[in-house]
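Below is a structure I'd like to ask you about.
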Amino acid sequence: MDLLEYQGKQLFARHGVPVPSGSPATTVEEAVKAADEIGYPCVVKAQVQIGGRGKAGGIKVAKDRQEAETHSKAILGMDIKGHTVHEVWIEAASDIAAEYYASIVFDRSAKRPLVMLSTQGGMDIEEVAENDPDALVRLHVDPLLGFQDFHARRLAFEAGVDADVVRPLGALLTKLYDAFIKEEAMLVEVNPLIVTADRQVAALDAKVTLDDNSLFRHPDNASLRNVAAEDEQEQMARERGLTFVKLDGNVGILGNGAGLVMSTLDVVAQAGGSAANFLDAGGGSKAEAITSAVEVILSNPNVTAVLFNIFGGITRCDEVARGLIEAFDQIKPTVPFVVRLDGTNDVEGRKLLADANLPNVHTESTMLGAAKKVVELAG
Amino acid sequence: MAILVNNDTKLCVSGITGREGTFHTLNNKNYGTNVVSGVTPGKGGQDVEGIPVFNTFHDAVEKTGANTAMIFVPPRFAADSILEAEDAGISLIIAITEGIPAHDELRVYNHLATNPNVRLVGPNCPGILSPGKANVGIIPASFFSEGNVGVVSRSGTLTYQIGNELAQAGFGNSSIVGIGGDPVPGSSFIDIIAEFEADPETELIVMAGEIGGSAEEEAAEFINANVTKPVVAYIAGFTAPPGKTMGHAGAIVSGSAGTAKAKQEALEANGVRVGRTPTEVAQIAAEIAGSLKTA
Amino acid sequence: MDLLEYQGKQLFARHGVPVPSGSPATTVEEAVKAADEIGYPCVVKAQVQIGGRGKAGGIKVAKDRQEAETHSKAILGMDIKGHTVHEVWIEAASDIAAEYYASIVFDRSAKRPLVMLSTQGGMDIEEVAENDPDALVRLHVDPLLGFQDFHARRLAFEAGVDADVVRPLGALLTKLYDAFIKEEAMLVEVNPLIVTADRQVAALDAKVTLDDNSLFRHPDNASLRNVAAEDEQEQMARERGLTFVKLDGNVGILGNGAGLVMSTLDVVAQAGGSAANFLDAGGGSKAEAITSAVEVILSNPNVTAVLFNIFGGITRCDEVARGLIEAFDQIKPTVPFVVRLDGTNDVEGRKLLADANLPNVHTESTMLGAAKKVVELAG
Amino acid sequence: MAILVNNDTKLCVSGITGREGTFHTLNNKNYGTNVVSGVTPGKGGQDVEGIPVFNTFHDAVEKTGANTAMIFVPPRFAADSILEAEDAGISLIIAITEGIPAHDELRVYNHLATNPNVRLVGPNCPGILSPGKANVGIIPASFFSEGNVGVVSRSGTLTYQIGNELAQAGFGNSSIVGIGGDPVPGSSFIDIIAEFEADPETELIVMAGEIGGSAEEEAAEFINANVTKPVVAYIAGFTAPPGKTMGHAGAIVSGSAGTAKAKQEALEANGVRVGRTPTEVAQIAAEIAGSLKTA
């Protein structure tokens, strides 16, 4: 789960990472009130989960109330690369002497947290890493030992930060690591991490990705989910407990098991089609879950045909067939369905479908055959 | 032979008294797996159709000689159960549980790494089947027969799909190992491929990878340097958009890292043939097996 | 540093270990006021760092205000095995269904924390361990991994605690371990750990030993030092930064290095004498430190002779000699001194002493010879 | 030969720019120890009488090839410095610092135990002297000459006392190792005695223990089972009262555990002669050395 900038900063602040003071606002009135409280100059920042807000005009300095109002009006409701701005963050302006970069990522390959620091902050760090690899210092941390003072010093000295901020920067990194671990983040990124004119360090931006699987331990974080930014169909799927990703094509897909569904998308593409979604009905799906999944798939108006690709292990093909029959009964779909049932109770499942004689439902015996058929039907 | 689970397996199931736990435990037992005990805190002294239940893994190991653990408890209890199994001296831990927090997995992985006598397979995996010998997990055994193809996969149903296609092409399996779809699997492709390389029964290795991480790329280099047996690979997720988690917590293309294309290229650059569909994997396997027989 | 019971309980409470509510009091008035606030029945408990308070009459239940006053009066000022009661702890009475025992010790041998649990609480645990070893469950914890839920369950099941308290007891142990680690304790002991009639668990007593070397990180704990209970001479030594232990004999001892001083005590004993103190003047002692140490040694009226046993490494024998000369100048001791100087600058040191011609100061060239001489002089 | 420090030692001193650090570093250098560098964060680029100073151990190791570290920083920074030295690949860390919090030592000990390529000696120890080869620490080298007696001790000055008595009895030393008086020493008697057993130059081993813990008892059993060379022991603290810390944080009799008497009995029961005074230790050593020569 990705947090908005200000949610990330509030999370940082809970762990003692210094951040500029600020307030969120969803209306121009709230924004101006917040700006008055914070004082001028202040910064009006669009809260959307996408980079390049500054270039898109989503970050503006307001030197007085008049500007705070103008900027808030302009930014609230603005579209930034497909993301509508529903919220702004009003923040005290910072007097910036230097811009650094710091991040901690959950490094799957090394199986350790990876801490990175650079003095070349405020720009695209992937570019820095490419053009000047030495400018980005990388250090893995043994999670059982934790982040030690020597890690902080080594990062600071090797990155070549100003001598007078080695200590405060080290303290900031220690707290950032603490936030990463305690909040069970997959990523915490600060770009830029600023040194102010009075030689303080602070996180001027915050990018935080939390582990969805850990949210049961962090109810406060779970409530930060930005439902407004979420696709309606994905939201509907999530509420039904389905593993769903919306895609651009017109072939609705339902399968069981993430790998098989991914493979199904690929095979559909090879057959010349394009999937409208990823939907993993999961292991041991019961009829109701299947019915519910069909509803989600068909809620996408782009869908012109649907492919069921089931290889039953725990999932029983007869349950899938029952779910599909129930869905036809309830929803009465108008698009063609191609169904491939293999594995546990496949014979029973196919027989149920044959008996039901659903309109415009085609059964296929192989995954490849089913993919070709559905692409043909989707048009 | 087969790898990891076999006739010497003495299985203890954590979460044996849960609905799913009981179902699959009995399923494994019916297949012929030697299920010696189960663990459910507070239910020590009970039994599940004759399988004794203990409060702790330590009790179960001491009293039933369990050497293999299957973890079937809900995600919030799974890391603790894995650590308990390790502490009790279990040497192979197979974690089926899906949805374990990533930081729990990180902690478990790094702690287990300090003990050379334990191997974790999973979590979020379908388990391990050695046809004709033992089945630990949820792999539907009826599709698979004994043979010489070792299969290792990040995905359950994809394994069945490929296994089924192999079976239709006339192949049986030495062992089928699901390493799971999570960001920090206890065992990597490399770990399992090394086991297959050392297993005399295995003549051909099939690996089924997917987007996310770099385990396939690392395996490619390992195979090139260390594996004498032919390896055929499949990668799922060529059409997955970046930044989206495709079902498995570990299946996500981050920026330009972890794409199916990069994995395919790494494998091919290291001499591993990659099938474009599960069917093609079976076809390539058949071709290689044919040449093995002629040779 | 050992804490008083109530200090230990307050420390426990900070980490969520359940303890009965209570208040400390140093006067009868305070005690009665506290008892009124807590309500009756309550318990008046003598706060001294010694076991066997109950048997000595230092723990009494007060069923009303009258009894609270009587008991407080009796207990405040009471002497328990040489410890004067300066403070009482007034605590809400508990309805006890079972008495368990729990402790965590810093196990030097295993280099791991050792957690122990028994259902045979409320009695001397060393006796339990001796008479019925299986009744005391012992479990080491890897400090890098920390105390896990399975540790708590294993302790609880193996100790055979009541089934309905396995969970709350496990939670208590987890918090107790947290306190042990976070407060850097060498020992936390709860005896008895009670199960109340309404099936709650709580620490009814608390014994906590903190690591003196860690107190710089725990200023709040450092301020808990029970100066009133400390020997006056030991307090004087501590304030001067000297490593000092008061003993029962009459030979004052000063040496450099803990091992050499211990060895000196032993050799004095072998020579038929008995040391009045352990005093390690430390490495690199300067003259002032030596002078200061002589003052501490002589503040014990039992001392009838003093032995200096110095083997100079970092410590320079000439500095020691200068310190002794200065001490004679300032304090004018009346007891005989035996001085053995060996090692760095020993020739210079001996010459300084010879030149100073201090009254009743005898130099010896070996440790054994010096020990014999001082025992002879001490009488 | 000698053990642990010798002509191959390349020493890097943490805290080299402190008063004590500078003094003892130069002392060690003057003795002939190859002091290649020092570490003081923020003082990288400076030097101490020609010894280059670095900001991090990693820099010092990379640029000067240091293989041994001496830790001379104040207690609150010492654990971090030890961990840094280990992380930088130093294989021998000698920690002089006294007063390190016990939980820091616990964490350091357990972390270093996962790395088989590192040895910690100390903390709260006088260091290691291999006469004629290298001196790392604060042992006054002038009292000791090359020879065949290995000495290992929990106490600094007691070591000098015993070493001096040995010298007066005509013995030189292969190495003198102070393992320190703290509750969690990085190296135990067993670790060092095993080194002496393997060192061809060492013919006789003297160990000086004291009250507290059970390291001497464990060493006694180890000696009985694994050591062919004669061992003479001394134990300090027979007259120490229980429950009192006798200077060294580790020197405390807890209840009935850790007494000098128990240690003496354990050693004697395992065939180790125990001298009642430092002088008697030297006498026994002389006696044994005499019989070695006759044999």
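Per-chain numbering from 1; labels A, B, C and D assigned in written order.
Here is the rule we go by: a residue touches a chain if its C-beta (ideal position, glycine included) is under 8 Å from a C-beta of that chain, and two chains touch if they have at least 3 such contacts.
Please read all numbers here as calculations on a predicted model, not as lab measurements.
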For subunit A and subunit B, chains touching each: C
Between the pairs A-D and A-C, the one where more C-beta pairs touch: A-D
Averaged-CA centre spacing for the pair subunit D and subunit B, given as whole angstrom: 48
Approximate Å spacing (C-alpha centroids) for the pair subunit A, subunit C: 55
Rounded Å distance, subunit C centre to subunit D centre (Cα mean): 28
Touching two or more other chains - residues of subunit D: 107, 111
Multi-partner residues of subunit A (at least 2 other chains): 142, 144-145
Category of the chain touch graph - line, ring, star, complete, other: other
Pairs of chains found to touch, sorted by chain label: A-B, A-C, A-D, B-C, C-D
Contact footprint of subunit A on subunit C as seen in their complex: 144-145
Subunit B residues touching subunit A - in the complex, by the definition given at the top: 20, 75-76, 99-104, 106-107, 109-111, 113, 126, 138-140, 143, 153-161, 164, 181, 183-184, 208, 210-215, 218, 234, 236-241, 244-251, 255, 260, 276-279
Interface residues, subunit C side, partner subunit D - complex: 106, 108-109, 111-113, 126, 142-144, 181, 184, 186, 211-214, 216-217, 243, 245, 247, 255-263, 265-270, 274-275, 278, 280, 283-284, 311-315, 342-344, 366-368
Subunit C - residues contacting subunit B, complex: 142, 144-145, 148-150, 153-154, 157-158, 163, 166
Sites on subunit B touched by subunit C in the complex: 41-42, 44, 55-59, 77, 80-81, 83-84, 87, 107, 111
